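One chain, chain A, appears in both complexes that follow, with chain B as partner in the first and chain C in the second.
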Partner chain A sequence: MEQIVRFNENKRNYSENKLAFAPWYFLLPAIIFFLIYVIFPIFQSVWISFYEWDGLGEAQWVGLANYVELFDDEYFYTSLKNNFIWLIMYLLAVPMGLFIALFLNQVVFGIRFYKSLFFFPFVISQVVVGLIFSWFYNPNFGLLASIFLSFGLEPIAVLSDEDLVTYGIIFAGLWPQIAYCMILYLTGLSNVSKDLMEAARLDGAKGLKMLWHVVLPQLRPATFISVVVTVIGALRSFDMVAIMTEGGPYGSSNVLAYYMYETALSEYGFRLGYGSAIATVLFFIMLVYIGYFLWRLYKNEREV
Partner chain B sequence: MFPKPIHTFPLKFQLIYKIVLPIVLIIWLLPLIAIFLTSVRSATDINTGNVFGWPSQFLLIENYSEVFKRSKAILYLKNSFLITIPTVILSVSLACLAGYALAIYRFRWALPLFFIFVAGNFIPFQILMIPVRDMSVSTGLYNTISGQVLFHAAFQTGFCTFFMRNFIKALPFELIESGRIEGVGEAKIFLFIVLPLVRPALAALAVLIFTFVWNDFFWATVLTQGESVKPITAGVRSLNGQYVNNWHLVSAASLCAAIPPVVMFFLMQKHFIAGLTLGSVKQ
Partner chain C sequence: MYNKIKLTLVSLLSVILISSASFARDLVITFDDMNPGPKAAFENAIAKFQKENPDINVIANNGDREEHKAAIRNFLIADAPDVTSWYPGNRMRPFVKAGLFEDVSDVWDANNFHEDLAAIKPTMSIGGRQWGVPYSYYQWGVYYRKDIFDELGLFEPNTWVQFKYVCDKLKENGITPITIGTKYLWTAAGVFDYINLRTNGYKVHNDLTAGKIKYTDPRIKKTFEYWAELVNAGYFLENHSSMSWQDAVVPFANGEAAMYVMGNFSVDAYKNAGLSYEQIDFFPFPKITPGVPRAEEAPADAFFIPTNAKNKRDAKKWLAFVARPDVQTEWNKTIGQLPINSKAQVADDKFIKQGFETLNSAAGLAQFYDRDAVAEMAAAGMEGFQEFMMKPDRLDKILKRLDKIQAKVYK
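For the complex of A and B:
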């Protein structure tokens, strides 16, 4: 009640109140930076996507031609399909992270050390992870090849196989992502209510039943964040593809993020308009998830 | 606690758990162990195909000093620090101010602005790539350290503001209220009441942003050209192209690239995890 009164008082004197201007002094530097480097460029990119432009000469207005071209571009479809595969496969990081978190959520000697070592892959640059795994997959002397040979099998060159290559990269990408989800779940697990657990235990719940009906509902915030960061990570996948295959062989491991870069800035040509069209498509796909996230955030804010 | 604490199980299970734990860890870190072993191998090992087996000799110092002698690894590492540290300072400072404003003041734009900062943090880099690169070229910021710093700082401001705003919002509002009643100015309230209280959040953000920016590869590719201002991530990639089959040197360089964030993580583990898991538990 007191708060409501105070709020109304504030509102009444709003224009004379120095508090009306104060937030803008604090906000201005961040807003300027963000406008210049994030907000304006989004609109510019969408704008550029209506042009044919090589970055040097005169840009030519082509309307929706770049988008029409996307419809017939098989590389675009491959990239889109691969993004979809990334999305689905990458989400495996969530249950796997939960699984490792459950495994590590114990009190034994040195467990904190174990937990931090399990988290290690997330801290390392994806460039390094990509390099490690491309050696791992190397058909001549990679670890995978030696494993195959020791079983008397012919080694598979995962990264030059058009059907396997995307899965090979995703497998590498899962390594740090699982670590990320694990840490989210470990934090969640340490906050699970003991009372609820006790009550459920008295009712005879244990094992998987306990996990499903008592523990997982309490881990919902951790699951939500895990899914959000994993989806965003899957759609943003660039580093791994660039390091491990550069989208090859024959564009079979391309994803939208890398394909966009390739069309706009690499030796394959400077088609900035076409690249922007690809980026715009990727942006709108992501916007669905961003919208969902913001909606959840908004609901939370209303509750507070 | 879930699962059931291991000490309530029979001794046999406890023993199995304690044996399985290190084995699983070794399998989990196998790629890393392999790259470390490769980085201390001799060139002969690599040439004879002994890439993942036990090294025939350990050349830790030799290999690492060779990387620094033969390549520009030192320059790359220096660049990485020159890019990362100012970015951390700049973005965290901007976000402190903005987060404070969004958390403390009630005004119509508070929530929409907050949402814009959050959303900006999730967008794909590619939608920014061409305009940002173009702008950098025309303002002379292309292929400079400061060009990279300014972009990273601006982009990370989104996440940092999100973080700071939620942190400050959780502080007791009475503190600010009582400051105002006593006639303390808004800037002073921020400096002397709020800032000392958000130190844990500053630490958490600093380690997170350090790691994010240190590990950046995309913007290093887009905003630089040539060697002079490249950070270590892009440097490792070009080394990989130069030293084909000199895996021992490339892996030594890769480990150098990985060490600073790893050290950072170990030193500030508590803050790092607190920052990363923000929002994953109900406050």
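For the complex of A and C:
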């Protein structure tokens, strides 16, 4: 049985309390770096968001002016709306990942090879995925255009259409994300208890019923992780947007992360205060999910 | 023993003294164009400068343009070279304001640049002082397929009516009149600038980019009305917003499109796309409002001295050197652009010669929308132009949005 060694008041001597200190030695490096590179920058960017600063001259205190401006900024709302579209559409990766995992979870000759094929998109860089898909969508030489033409239809320029562009990018983003969820489910499936399956089968359960009542409950940890990584992935979507459209046409595929980069660090704007204000808003949206995630984790640990 | 130590010390000291005296002074120059032409021109100039100044040890760094744009804010503060290339107008303004560029008015005074470089002087000046020295500029205008024009019996249009007639004829023959790729936005700004310069003239361009005129001003609306005539008639390439300017060269090269509103740097791309010199030609953007003096777009490239430079004395020597007539002649011959020094000679090339004539007779030279306007305004403005080209009926909404941003940016 495990037992946590606690500081013993009766033992005044350091050497006698060594075991109580030991965990902190190991935690210390991680804590220090976490403070410097994660916690401190969070407070710093909230702090900068109260300033007007171009990164070169003197920063000027403007109070809440950046936030007032933000809530009157059309581009901000477009980005926010797109972030929510991302959030909802991206979650499709979870059921699709499950579907592929169930499909691949069988013993056939060469199954490892097939699995690795499905996993492949997750291994290649997001930038490459973005490039491949922008060629795929290209109205002049893209695969999609050829498909349309073969049906005698006029090809659509997905990435130039303000209504389709976000969906087009999300579709590209789903490709690696489904692979990610699939892997999570595959590892989950290998832990599904054979005894329970056996017992359920004796009771006459099969097909969807078996999946819903017997398999899925056992996959709960995998589902939980998939949802969390997908939600966070959707909120911080940046690479795809940067590679495929740079937020265009005219800002209609922007998301908060890219809009922040655009205002704070791109060629046409060095408004670090305004960018930080966007980052702060994005951070608080994420905090909802991260908070929920931590709360669940904490609860689970206590139950165990 | 004591003597021996003393001897060693003295000899050591003398070695240090001698070697430091024979050390040439380092001059670090940072440049930002890796394309074959500009790279060669830069290297040739460095070699010439080195030869003329054997006492200076020139260390030349050449890098990618986009990387340079991203890095300059850091290196101006942290590790400044003695000279760096950069752009005039509003692009240099933040660095001048932050005190990161050195005032080089004395170089202008000492070398008679006020007269020789007069064409570009206004955009090199802030607060009546000069902050850099330009080495090259180039014209914008309409590049067209001469062979297609000849085949259809078309001539270089001079007026707006003629221009629309040419567009119409081309379209009738199944050819896209004007190719353009607006994925990176600035190409649309070129078209806007020209229609605006021809409709309202140089002063309105400057007042607009300086934030003195609103975008909903009737004069600017007039500009968009003319532009809408082209957009609504379908004279521009379809799907332009998913293409870069290089992508848009493809339909031009294979004869699907016949005109391109562009800068002279594009000539290289036409040739690389397989067009012969005889197939392409150039005309200045046609007149719109009669009586408006003709102003042109002529973006310049320049060299600057960072305030944190270590060797400013030799840096100034380099600035004086790059603006010298013979150096500018040579440099611009190599890169196919125009020298700024009025005493320099232009290359014997039909595009350069036409560009030289066009710019020399111009009533004013604009830098370009995204160099004349403040960066943040330029970004929003160019997105607005792109949106207008795709959804012309949203014009009022777009202009109101630009007004709002303008009010914010030019407080």
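Following the convention adopted for this analysis, the second predicted complex is superposed on the first by the 284 of 304 C-alpha atoms of A that agree within 3 Å, B and C clash if a C-alpha of one lies under 4 Å from a C-alpha of the other, contacts with A are read in each partner's own complex, and residues count from 1 in each chain.
Throughout what follows, contacts are C-beta pairs under 8 Å (C-beta built on N, C-alpha and C of every residue); 3 or more make two chains touch, one makes a residue touch a chain.
Here the structure is a predicted model, which means the values were calculated and not measured.
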item	value
First, second, both or neither for A:L294, with chain B first and chain C second	first
Touched partner set for A:W86, first chain B, second chain C, both or neither	neither
Touched partner set for A:F50, first chain B, second chain C, both or neither	neither
First (chain B), second (chain C), both or neither touched by A:F76	neither
Contacts of A:L117 with chain B and chain C, given as first, second, both or neither	first
Which of chain B and chain C A:A157 touches, first, second, both or neither	second
Dominant contact partner of chain A by residue count, chain C or chain B	B
Partner chain(s) touched by A:N140 [first = chain B, second = chain C, both, neither]	both
Doubly contacted chain A residues - partners chain C and chain B	55, 138, 140
Touching residues on chain A, where the partner in the complex is chain B	7, 10, 18-20, 22-27, 29-31, 33-34, 36-42, 44-45, 48, 55, 102-103, 105-108, 114, 116-121, 123-129, 131-133, 135-136, 138, 140-143, 146, 175, 180, 183-184, 187-189, 191-192, 194, 197, 206, 210-211, 214-215, 221-222, 224-226, 232, 235-236, 238-239, 242-243, 256-257, 260-261, 264-265, 272, 275-276, 278-280, 282-283, 286, 289-290, 293-294, 297-298, 301
Partner chain A, residues of chain C touching it in the complex	69, 73, 77, 94-95, 97-98, 100, 182-185, 238-243, 247, 250, 370, 375-376, 378-379, 383-384, 386-387, 390, 401, 408
Complex contacts: residues of chain A adjacent to chain C	54-57, 69, 74, 137-140, 157, 159-160, 162, 246, 248-251, 262, 266-271
For the chain B and chain A complex, residues of the former touching the latter	1-7, 14, 17-18, 21, 24-25, 28-32, 34-35, 38, 49-52, 94-95, 97-98, 100-102, 104-107, 109-111, 113, 115-120, 122-135, 150-151, 153-155, 157-158, 161, 186-187, 190, 211, 214-215, 217-218, 221-222, 233-234, 236-237, 240, 247, 250-251, 254-255, 257-258, 261-262, 264-266, 269, 273, 276-277, 279-282
